[in-house]
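In what follows, subunit A forms one complex with subunit B and a second complex with subunit C.
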Partner chain A sequence: MNFVKRTKRAGDGAATLLMVVPATVVFVVMLVVPVGLAFYLSLTDWDGYSAQPKIIGGSNYTHLFSDPVMRHAAFVTLLVAVAGTAGMNLLGLGFALLVNGTSRINRFLRVVLFYPHVLSALVVGFLWSAILGTTGAVNSLLTAHGGSVLPFLSDPTWALITMIAVLVWAGFGVNVVLYLAGLQAVPRSLVEAARIDGATRWQVFRHVTLPALGPVVTVNIVLSLVTLLKTYDLVVSLTAGGPAGQTQTVAYLILWNSFHDNRLGFGSAQSVVLMIVTGILALVVTRMRRRGEMAVYS
Partner chain B sequence: MRAQHLSRAAVGTVLALALAACGGGGGFSGKSSSDGGDKGTVRMLVNITPNLTQSYWEGLVKPFEQANPGVDVKIEAPTGKTVADTLPQQLAAGNAPDVVETLMADRTLAPQMLDLTDQSWTKGTPLVQEAALGGRIYTVGVGEQAQSLIFYNKTAFTKAGIAQPPTTLDELTQDMGKLKSAGYLPLQTAGDFVTGLQMLQLADPSLAQSHPQWYQDIRAKRLKVGDSMLPYLKLYKSWLDKGYLDKNAMGLKYPDSQTRFFSGKSAMYVMGSWFTASEATAKKDFEVGVFPAPVQAGQKSPGPQGATMAAPYMVLKSTKHRALALKLVQWLVTDKAAVTSQLQQDGNFRKGYDRKFTPLEQQVQQILDAAPSGVPQGEGYGDYTLPSGFNDAWNTQVQGLYVGRSPEKVASAVDEWVSAHS
Partner chain C sequence: MSELTVTESRAEEGTAVSEAAAPERRSVRRRSGLPRAVFLGLVAIFMLTPLYVLVVNAFKPQEEILANPFGLPVGALTTRYLSHALHNPQFNIVRGYAVTILFVVAVNVLSVALAGPVAYVIARSSRRRYRLLLLTFLAGTFIPGQVLVIPVVYVLKTLGLMGTIRGFVLFETALTLPFSVFLYAGYIGTIPPTLDQAAAVDGAGRLRTFWKIIFPLMRPVVATMVILNTFSVWNDFVNPQIILGPGSGLYTVTTGVYAAVSQYSTDYSVVFPTLLLAIAPLLVFFVVMQRHIISGLTAGATKG
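Moving on, here comes the complex of A and B:
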């Protein structure tokens, strides 16, 4: 009897192992190896060409934290991530509420709202620089009517605001779709019960719809945050990091240092730090949101 | 103890896998070239621009393919933003091309490239000795690009009462005042890479006279970049303060600056000789002239001309078709028809090669002929190089003048960058 049990248990173990191995191999090859390689490279002076990268310990990290360019890029990245996440989610939720119906016009508007997300970020950047550049459509119109040029892309503060606005424009379509899915899942019985109890539209939204959307809000915030922390292509096409490097993000610097300045070791150290910060921020936001959701449901 | 062994094994496995992923001819492995015979496919990574399109490159190498049956030259456009971004990625992936165009050998690239010093056909190609690294030749080019040129709107100069182009920087400043009074923006610039490039192009002829050993002095730390460039930064800032430059120029991209110059709103445009190719096809209602960048008072005029190699080629050490790759590069830089075509297509120059010059190109050729010497600029090339990435760091700092930074602060930031990257 024991022998049969042992044989069955061994068989189950082998089957489990067989099922786990493919996923584990994929995980190791696709995630552990690149991350491990990035960490290894971050401890070297690799220039992308040399046959023997020299191990230099943590000096890339020391340099990284003392580099004023990197510090400014980190500030810009955080600003873009926080302001962009707020913008994407407020607009996403707002428009989702507006087009949350089954009429033809709502269906059309959903397509229109999602459309910018389909465009490549490079195209979006060039498009908006043609609209907002010093000789772009808006400024041409202004100067033709006797106005003066607005420094959308030539003043550091304006350029940063413009970049965040364009990022929000290009990305909030995804948030709309996710919020719409969340809104479809809000129990109609709860909404109707609240209305019967005399709740206003705002009260229904505040006390019924919004709490029910809790998990969707979490997903949206984390997705937006992680995406924006990696902002690169729009910087290239919209501002090229300028004026005077004032709109450079960390991801932009990583690519620039790695492949333009041939400092792949340093770029890898930047990547490792960005990855850790992104992970921590995503975890913190998820924890905070979960605590909030628990408070609502308890 | 067991856990320690396990963790060591895990780290070892990850690194082994990581290093294995880098194998296959790229990454950390340094493979040498081999000869795959006189037939096969030669891959050439090239720069794609509005002038140098994929179809242009394919047409260029067609006669070579016809003259060498069984040889296919595969033109490859950068998969990254530029050739400089793409090559390291291809090397890391073990997928490097046989020939690369656009890049020039520096201390980082040279170990990956074939030493061409023993190839007799390299002698006499433009700037080949200037681009040599420690006396070894890795890069050969098709022609020369003049860098320190100021293109100007002849109508604007006439309206402003300027009879002769300026020869000193003081005269240039005075003329800018006249042009502004005549209703023109005196000097056209832009964001992108243009701001820093123009400053270097403007300063070269003077700098080469006040500091003839500039690169050597910088490398030996006898001189600082910021200190030596401070007079030009101050001059540039004074132009900005007087409204001789558009304070919103940072919102313009490189093509916008050309469009604006051709629209006739601005009077001068500092750019390299490749601008002549754009000028030849641009619609405009005025004639464009060109003069060499002025020098400081008391210096010889014209000064040395900033000069760079046009269409540089290198052969990768890892090539499997060494003989074919060498034959192709030799043909590209010595065959009369191939050279003339490339010079024509991108507005470049080479002594002894007559091509159909536009009137503006003829003037550029005269400036090149009259220049006492050609000097590298910015990051430089060959033995005359500053740390990789200098041009971009310089550009970023010069743009700081537009956002309120003082010339002194810009100069010291440049010095900090050079010091940190040397």
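Moving on, here comes the complex of A and C:
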């Protein structure tokens, strides 16, 4: 009996190993090791081919911080992230309040606001460039009616604004859904009590709904920021970084340097910096929001 | 516009009973007057216009698109350009569908086969090492994909898997593991362990207990992950582009669209039909299962 029990347990141990090891190995080899490697490769001159990249110390990093192209890309990326986050969250919360409820029209609107998120950013970019390009749909319409061509994608400033607008168009549906979920958790009794006490709609929103949404707002802001900081696909398809490189983001430069110019060591340094900046920003926002939430409640 | 008003009034009829029951609904209703309906209608039109332009122009010749991009010349519509796009020598979209579906199925099957069992062990054990393992997987959800492309190329080259389907599927699967393990372990935690004990009494081993007893109960959470993985593999551009490489001749729908469209970006009789073919399957899938897809993709978005 004892023997039977022991072999059974040993068999179970083997089964447990069989259940744990494969996933862990794939996870470690494909995700954990690469994160470490990114740091190592950022100190090398790896060109993507040599098996033994030469270690060149921190020169990728010094080069990176003095590179004007990189600085401009950092500026573009931050602008896109901040403006996009503001747009997505204002629209996200606003429309969540507007389409809150289970009527058929609300459900239809939620689908309509969300659907661009289903499409790949690449397709979204190609589609909007066909609509807003110099010979695109909008400009064809304008010139057909005697107007002049609007430089949505051919003027640097316009192109940046267009890119941010398209990012918001494609992404704020997710924020709507997240804010809607948050709104369901706002205690009805609080809202009703405020209404009975004679609070206006705006006062209820400002002093009851918004504070109760606190954590949801934080999640949404961090989520939008993190997503927008790595904007890549849309740059490729909407502007290809142009005009004259003015809409290149950091992620665009990382992949360009790495796989067009074969400077994967340099690209690694850029991606390490991007990862650290993203982490710091997410942390700072969470901290700031927490302090803000405390202030509201105290 | 008139169609919208019809839907609106029908929706109001539908809620009339509950409105009578709940008095606070009335204030909601007062707000949902004409201005709100008009505004939301305009927003819906703005959101849907790009899709309309895409669909309509996929059936028109270049001159017609340039002359009247928003028009719907019912008589002049043709499927000629759609069939051209289907037989584009630059990018065989039928093959693109096949390759993408192969990847989607492979990643989903492998992801469930790997993440399910390990999540089960983690959820059913109070041992420290498994709690640490869960934390490690959880930390993995914070790894930004962009950082990984370059070092993964190094790993795949070392393993001799660069430019292969196996290497690509393995990496895409690895990307799905952290969040899957996290979701599955949480879900299994809600399934009573008495079920496992009953199976053990009947002589089933751990593997059998998981696959025969627990796994069938995980359908909702597996469905969420399958939706999430399907969209992320289908829409992924960077990873297939870099790992499979343009040289391999292996295009997914998304990398194929890039190959076909970027060169002809002003020949709209190529652009629109190709884009339409690329998104049609996903859009149909979305319309049929929208509620599950919205909640699934939103769950995925919050993973950080």
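Throughout what follows, the second predicted complex is superposed on the first by the 266 of 298 C-alpha atoms of A that agree within 3 Å, B and C clash if a C-alpha of one lies under 4 Å from a C-alpha of the other, contacts with A are read in each partner's own complex, and residues count from 1 in each chain.
Going forward, contacts are C-beta pairs under 8 Å (C-beta built on N, C-alpha and C of every residue); 3 or more make two chains touch, one makes a residue touch a chain.
Source: prediction; values computed, not measured.
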Specify the outcome, clash or fit, for subunit B and subunit C once both structures are aligned onto subunit A.
clash
Between subunit B (first) and subunit C (second), which, if any, makes contact with A:156: first, second, both or neither?
first
May I ask you to decide whether A:236 touches subunit B, subunit C, both, or neither, giving the answer as first, second, both or neither?
both
Just subunit B (first), just subunit C (second), both, or neither: which does A:244 touch?
first
State whether A:29 touches subunit B only (first), subunit C only (second), both chains, or neither.
both
Which chain makes contact with more of the residues of subunit A, subunit B or else subunit C?
C
Counting only touches as set out at the top, which of subunit B and subunit C does A:185 meet: first, second, both, neither?
neither
Per the contact definition in the header, classify A:259: touching subunit B only (first), subunit C only (second), both, or neither.
both
Quick one: is A:177 in contact with subunit B, with subunit C, with both, or with neither? Answer first, second, both or neither.
second
With both complexes superposed on chain A, which partner does A:52 reach: first (subunit B), second (subunit C), both or neither?
first
Touching A:127, do we find subunit B (first), subunit C (second), both, or neither?
second
Stretch of subunit C hitting subunit B after superposition, from 6-14, 132-140, 240-248 or 276-284, is 240-248
Do subunit B and subunit C touch any of the same residues on subunit A, and if so, which?
29, 32-34, 36-37, 46, 48, 51, 129, 133, 135-136, 236, 240, 255, 258-259, 264
Residues of subunit C touching subunit A in their complex?
7-8, 10-12, 14-15, 24, 27-28, 36, 40, 43-44, 47-48, 50-51, 53-54, 57, 65-70, 114-115, 117-118, 120-121, 133, 136-137, 140, 143-155, 157, 159, 170-171, 173-175, 177-178, 181, 205-207, 210, 231, 234-238, 242, 254, 257-258, 261-262, 265-266, 268, 271-272, 275, 278-279, 282-283, 286-287, 290, 293-295, 297-298, 301-302, 304
If we count contacts the way the header does, which residues on subunit A are in touch with subunit B in the complex?
28-29, 32-34, 36-37, 40, 46-53, 63, 67, 129, 132-136, 139, 149, 151-156, 159, 236, 239-246, 255-264
What residues on subunit B touch subunit A, complex-wise?
11, 14-15, 17-18, 21-22, 28-30, 80-82, 84-85, 88-89, 91-92, 108-109, 111-112, 191-192, 246-253, 256, 259-260, 388-389, 392, 396-397, 399-400, 402-403, 405, 420-421
Under the touch definition given earlier, write down the residues of subunit A that touch subunit C in their complex.
11-12, 15-16, 18-20, 22-24, 26-27, 29-38, 41, 46, 48, 51, 95, 98-99, 101-106, 108-123, 126-131, 133, 135-138, 140-141, 144, 169, 174, 177-178, 181, 192, 195, 219, 222-223, 226-227, 230, 232-233, 236-237, 240, 251, 254-255, 258-259, 264, 267-268, 271-272, 274-275, 278, 282
